[in-house]
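Next come two complexes built around subunit A: one with subunit B, the other with subunit C.
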Partner chain A sequence: MDVFGSFALLLALVCAVYAFVGGIAAIYTRHPLLVKSTRQAGIATCALIFTATFSLEYLFFSDNFSAAYVVSHSNRSLPTFYKVAALWSGQEGSLLFWSFLLSVYVISVLLVYRNKNGELMPYVGVVLAGVQIFFLTLNNFVASPFKSLGMQNPAGGFDFFTRIDGNGLNPLLQYPEMVIHPPNLYSGYTGFTIPFAFALAALLARYPGEKWIHLTRKWTMIAWCFQTVGILLGAHWAYAVLGWGGYWAWDPVENASLLPWLTGTAFLHSVMMQEKRGMMKVWNVWLVFTTFLLCILGTFLTRSGVVSSVHAFAQSSIGSWFVGFMIVIVVVCFTAYVKNRDYLKSENQLDSVVSRESSFLFNNLILLVSCIAVLSGTLFPVFSEWISGSRISVGTPFFNKVNIPIGLLLMFLTGIGPLLAWRKTSTDSLKRNFGWPLLVALISGAALFAAGMRQFYSLVCFMLCIFVTATISMEFYRGARVIKSRGNMNLFSAAYELAWRNTRRYGGYIVHMGMVLIFIGLAGAAFNRDVQKDMQPGSTMQIGPYTLLLQSSDSKPEKNYSAERMIVEVIKNNKPMMLLYPERRFFTTNEQSGTMVAIYSTLLEDLYVVYAGQSPETNAPVIHAYLNPLVKWIWLGGVIVVMGTIVALMPNRRNVFVLSAVQQPAGATPAAPALQTSATYREGHD
Partner chain B sequence: MQKQAKFGVGIAVLVLSLGFLAWLGYGESKTYYHTIAELSALQGAERNHRMRLGGTVEPGSIRRLTGRVDFVLEGEGKQLPVSYVGAEPLPDTFVDKSQALVEGRPAPDGRFVAEHVQAKCASKYETAPGADKPGASSGSTQNSM
Partner chain C sequence: MIRFRRRSARIAATALVVVAFCVNSAIAQKTPQAKKIGGKFLCMCTCNQVLTQCNHVGCTTSTSMLKKIDQAVAQGDSEEKITQSFVQEFGTTVYAEPPKSGISLVAWAMPTVYLIIGAVLVVFVIARWRKVSVMSARTAGAAHPSHISQELLDRARSRAARDTED
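Now for the complex of A and B:
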């Protein structure tokens, strides 16, 4: 199976090269058969990558300990569930998994558009094949997951051997989140390849109009959604597993996943400027290019450990390949831009400071500033070494100082942006749209202040969250009221109906609402508390309203680890509430240990209890308890963001009894601007 | 032109104030990377920088005392006594012969006072896991949000 897999990979590379070279030839000759055969080569590449991936999975499931990768990342007692995840637990497998996910996108694009957009698709195919060639080169020659265990024998030959059992999977990865987090994040990273390919293809082909933007909107949203979920799952994993009481530490790998999210978010907003007003064309193209580059950079930082490694620099040679690839991308993008930049001329100018356009402009500006800040902070050690010779890193205060105000500004724009009119907003409409929300926010801010909240940023954040919630609720209410008056339904079903009639706009609002919940959760971090204590059985500790009583401890052997478990009783208001079981696991195969945090989570706060090991002086168990307010809101917000994205991805429901004259058919490109103002709930907001 | 100027001023104010915040944060958190060998050659103000050093934990040198953990870090043939004074418990991966990164400042008596310790097991295991947190393979006492 290992020979089979590596042969499939090699053949995939051959097909990808054919798709690339043949694709270029097809663009020049326009020969229909050549166009068809290169597309089929693209599909074959994907199919072969699937084959290789499944054969590596097969090696895991058949406990084939002659394959080096299986030996290092699995063992016989590893549960089936984690044998799936073992695929992406190391360098070689992760890179294969990258190719695999990219292929899922590529094959979907090639099949969905096989008879459409004939002008553009050959270019798209070439760009996609180019990206695949890079990763297949790594899969084949730099980090092959199919290497066999073996050693050189004195006669000059090669002796293969097989181990009885493998080393096992890193215990920190043996958690359910770790099975779903990497696929999500990687689906985000790879997914941005599609808008990149379309943008570059449109530029190269001088493809007329904004069509590539309509074509890629859904793909971008899917990638964005995966990226969001991936980031949140990573945060949740860090929170639930690493046991330090937090979910985000601004470390290089976390930052790497945030960077394309920031530019991707900017892109999702700024394309609307191009769709509606024909502006910011250059900006959009470069935003996609940057997002894709940041995805590659993210993969590079994760895979090479150039920044976070305990060693000064990466040990693997993989880094230079990525740097080379990024240089190629920059050169290609820049050349294409310089050659065809006249095609990107803006059709309109900004009209007013208080307009939808300017809110998008500022949204993009601050997202980009945030991205630059995070990027420079992350790469600071590398750059400072180049420039001054000494390696300097920056920590959490740097990232927080810049990004907290940026987050608040973004929240502010989230509230006002969607309600500003295009071109120019009248003072009247400002009053009508923002009067009540502003009042509600100010009153609740005063109430929070009176209740003793003195953390400036958190207070502002809560006020802004209330402001945004109020504006979004008003939008839903206004639209729903119109529908309610015309059909026989209550306000809630009217609001539901409303969302399905203009999925893009109301789905967007739902996503914004999810972000509000996430921000509420983040603001809670300012009020975190923690206590650490050496505890003999029978002793107690106090944290907030809770009393923790250490009852006893037990240990239990499991299939592939043994666990030492503390039994902690939680008492509130002198009433026993429940038992929590923080534990430490010891994995015998690789002599590593891991923490299992016990979390009692409510909407108000999380009681987070860690068994931190035994105290060296007293031999008593050390219990570290945290009280983290509002953390659950972050995960809830994530769920709402996904729901909103799904709504926004759906086609609009046809609406037969209202506005039938201007209603656009489902799935059609947005109607001309003139139609958008002709109905109350279509005021050009999407 | 007037509109353009308004936008220009708005953007400039925004970028400058964020830049100023970034500069504040930089001053507060900048940490120099040094090797143990370089430490003895540092002069004057350079010795008082916040810094990060990497090395291998000398076997048998870990002594857990009240309020601090002492150990010896070894690198490039030189040795450095370190006192870890941070509040977080040391990571599970911090054992004899593990590779460790310590962050803190040198004390006048020649000891290094560390506030954070990251440790990685002597490479029995490949480091970077899946797609993820570096913490995944190396424990840390780092703490933030």
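Now for the complex of A and C:
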């Protein structure tokens, strides 16, 4: 099966090269057969990559320990669930997984648009094939996952052999979220290839700019949603497994996943300028190029070892390939832009400073500044070493100090941006839209201050979150009130109906609401507390309102590991509440240990208990307890963001309800009321 | 007899507290000052975590680093002196955040500089767009400023609209 998979990868590369070269020829000759055959080659490339990926999975499931990659990342007692995840647990497999997910997108695009966009698709096919060629080159010649175990014999030949069992999977990856976190994150990274391909194709084909935006909007949103979910799942994994009490450590690899998310978010906002007003075409093209470049940069940072990271499982000299690829991308994009930039001329100009257009500009500014600040902070140790000869570390305190004010500015814009009208916002409109939300936010801030909250950033964050919630609620209320008055339904049903009438707009508001919840959760971090203690059975420790009593400990042998478990009773107000079981796992095959945190999570706070092992001095179990307020809001916010994105991806529901409910004025045409209703609440927004 | 027992119990309790204190000192700092200083360094065990957050039980590096801070604080050493001795021993990689001096100032200044430059650019773009908007309203039908003609651009637009479908 390893030979089969290896051959499939090689054949995939041949097909991709044909799709690339043939595609260029098809663009120049416009020969229909050539166009068709290159598209078929693109599909064949994807099918062959699928074959190779399934071959590798088969090697894992069949415990084929003649394959070096399987030996390094699996063993016989590894649960089936994790044998799936073993695919992307190392360098070679994760690069094949990149190719696999990219192929899912590529084949979808090639099939969805097989009879559409005749002139644009050959360009798109060439760009996609170019990206696939790069990854297939790595899969075939630089980091092949199908290498067999072997050693050179004295005669100069090669003896292949098979191991009885493998080394097992990294314990940190043996956690359910690790089965879904990397696929989500990778789907985000690879998904941004589609808008990149369309943007570059549109530029090469001299398309004036707006059509590729329409074509790729859904692809971009899907990629963005995957990236968001991937980042949040990674944060939750770090929280529940690593046992340091936090969810985001500004590790270079975490930062690498955040960078394309920031530019992707900026792009999702600024495309609206292009769609509605035909503006910012150059900016949008470069935002997509940058987002794709940052995806490649993220992959480079994960693998090159250029910056130190806890994700060091995949370091190698492969980095130079990524640098080369990034240089090629920059050269191609820049050349295409210089040659065809005249086709990206804006069709409209700005009418007023106080307008939706301005808010989008500032939104993009803040997101880009955040992106550059994170990027420069991540790479500063490298730069400082180049310049001064000594490496200066940039850790969590720096990133927090820099990004918290930027995040608050962004939250402020989240509140005001959607309520500003396109072209121009009148003073009356400003008062009407922002008066009440501003008042509510100020009163809430005063109440929180009076209640004893003195942390400046947290206080401002809570105020802004209340402000944004109020503005979004007002928007829903106003729209729903109109529908309610015409449809004899309650306000909630009307709000539901409203969201389905303009899914993009109200889906966007739901996403904003999710971000508000995430910010509330992040603001809670200012109030974190922790206590660490060596505990003997029967001893207690106090954290906040909770008393932790170490009852006893036990051990349980599992198939793949043995666990040492502490039984901790949680007491609140002198009443026993529950038992928590923090544990440490020892994986016998690779002789590594891992933590399993016990968390009692409520909307108010998380009681987070870690069994950190035995004290080397007293041999007593060390229990580290944290009290982290509002963490659950972050995960809830993530769910709301996904729901909002799904709503925004849905097509608008037809105004059937309005047509049946509106009283027809005498002599009016049947279509008129729907248009009137729509105009009532669509003014200046979207 | 009872008095002797009480006294013994008191001594035992005190000893227990002292022992517990000594044991805990290996894993946590005694004073807020020591905790504050520990938060400014990274643990040098390659975990990349802030020293006071290193959660590896048995991590001898963080234990010895924290002990050093404890001792230095107890001796009355200033934060600056402790920082200097740590940088001398471990190099500049020990900083959890870049110091606000020398080349590290660049790291701190950069985000603010980006924000200012970006804000100036945005204001400039808005002003330019508004200016062009007013001018184009005044000189409607004037020559197209681009290198390609309006006719060519319109043709390209209609071609794109014709070719592409949602």
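Everything that follows uses one rule, which is that the second predicted complex is superposed on the first by the 653 of 686 C-alpha atoms of A that agree within 3 Å, B and C clash if a C-alpha of one lies under 4 Å from a C-alpha of the other, contacts with A are read in each partner's own complex, and residues count from 1 in each chain.
One rule holds for everything that comes next: contacts are C-beta pairs under 8 Å (C-beta built on N, C-alpha and C of every residue); 3 or more make two chains touch, one makes a residue touch a chain.
This structure is a prediction, so every number in the text was calculated from the model and none was measured.
Partners subunit B and subunit C, brought together by superposition on subunit A, clash.
Residue contacts after overlaying the shared chain place A:P182 against subunit B, while subunit C stays out of touching range. By the document's definition of touching, of the two partners only subunit C reaches A:D342; subunit B does not.
When both complexes are overlaid on chain A, the residue A:L120 reaches subunit C alone and has no touch with subunit B.
Contacts of A:N170 after superposition: subunit B is touched, whereas subunit C is not reached.
When the two structures are aligned on the shared chain, A:L350 is found in touch with subunit B and with subunit C. By the touch criterion defined above, A:A373 lies against subunit B and subunit C together after alignment on the C-alpha atoms of chain A. Of the two partner chains, neither subunit B nor subunit C is touched by A:A47. Of the two partner chains placed by superposition, only subunit C is touched by A:K533; subunit B is not. Contacts of A:W244 after superposition: both subunit B and subunit C are touched.
Comparing the two complexes, residues 242, 244-246, 249, 251, 308-310, 350-353, 358, 361-362, 365, 369, 373, 381, 390-398, 401-402, 406, 532, 612-613, 616-617, 622, 624 of subunit A contact subunit B in one case and subunit C in the other.
Within the complex formed with subunit B, the subunit A residues making contact are 72-73, 85, 88-91, 94, 167, 170, 172-173, 178, 181-182, 185-186, 230, 234, 237-238, 242, 244-254, 302-303, 305, 308-312, 350-353, 358, 361-362, 365-366, 369, 373, 381, 385, 390-402, 405-406, 409, 522, 525, 532, 584, 590-595, 612-613, 616-617, 622, 624. Those residues of subunit A whose C-beta lies close enough to touch subunit C in the complex are 116-120, 202, 206-208, 210-212, 214-215, 242-246, 249, 251, 279, 308-310, 342-343, 345-346, 348-353, 358, 361-362, 365, 368-369, 372-373, 376-377, 380-381, 384, 387-388, 390-398, 401-402, 406, 532-534, 610, 612-618, 620, 622, 624. Looking at the complex, you find that subunit B touches subunit A at residues 3-4, 6-7, 10-11, 14-15, 17-18, 21-22, 24-26, 28-34, 52, 54, 64, 66, 87-89, 92-93, 99-101, 118, 120-121, 124-138, 140-145. Note for the complex: subunit C touches subunit A at residues 20, 23-24, 26-28, 39-40, 42, 46-50, 53, 55, 57-58, 91-99, 102-104, 106-108, 110-111, 114-115, 118-119, 121-122, 125-126, 129-130, 132-133, 136, 146-148, 153, 156-157, 159-161, 163-166.
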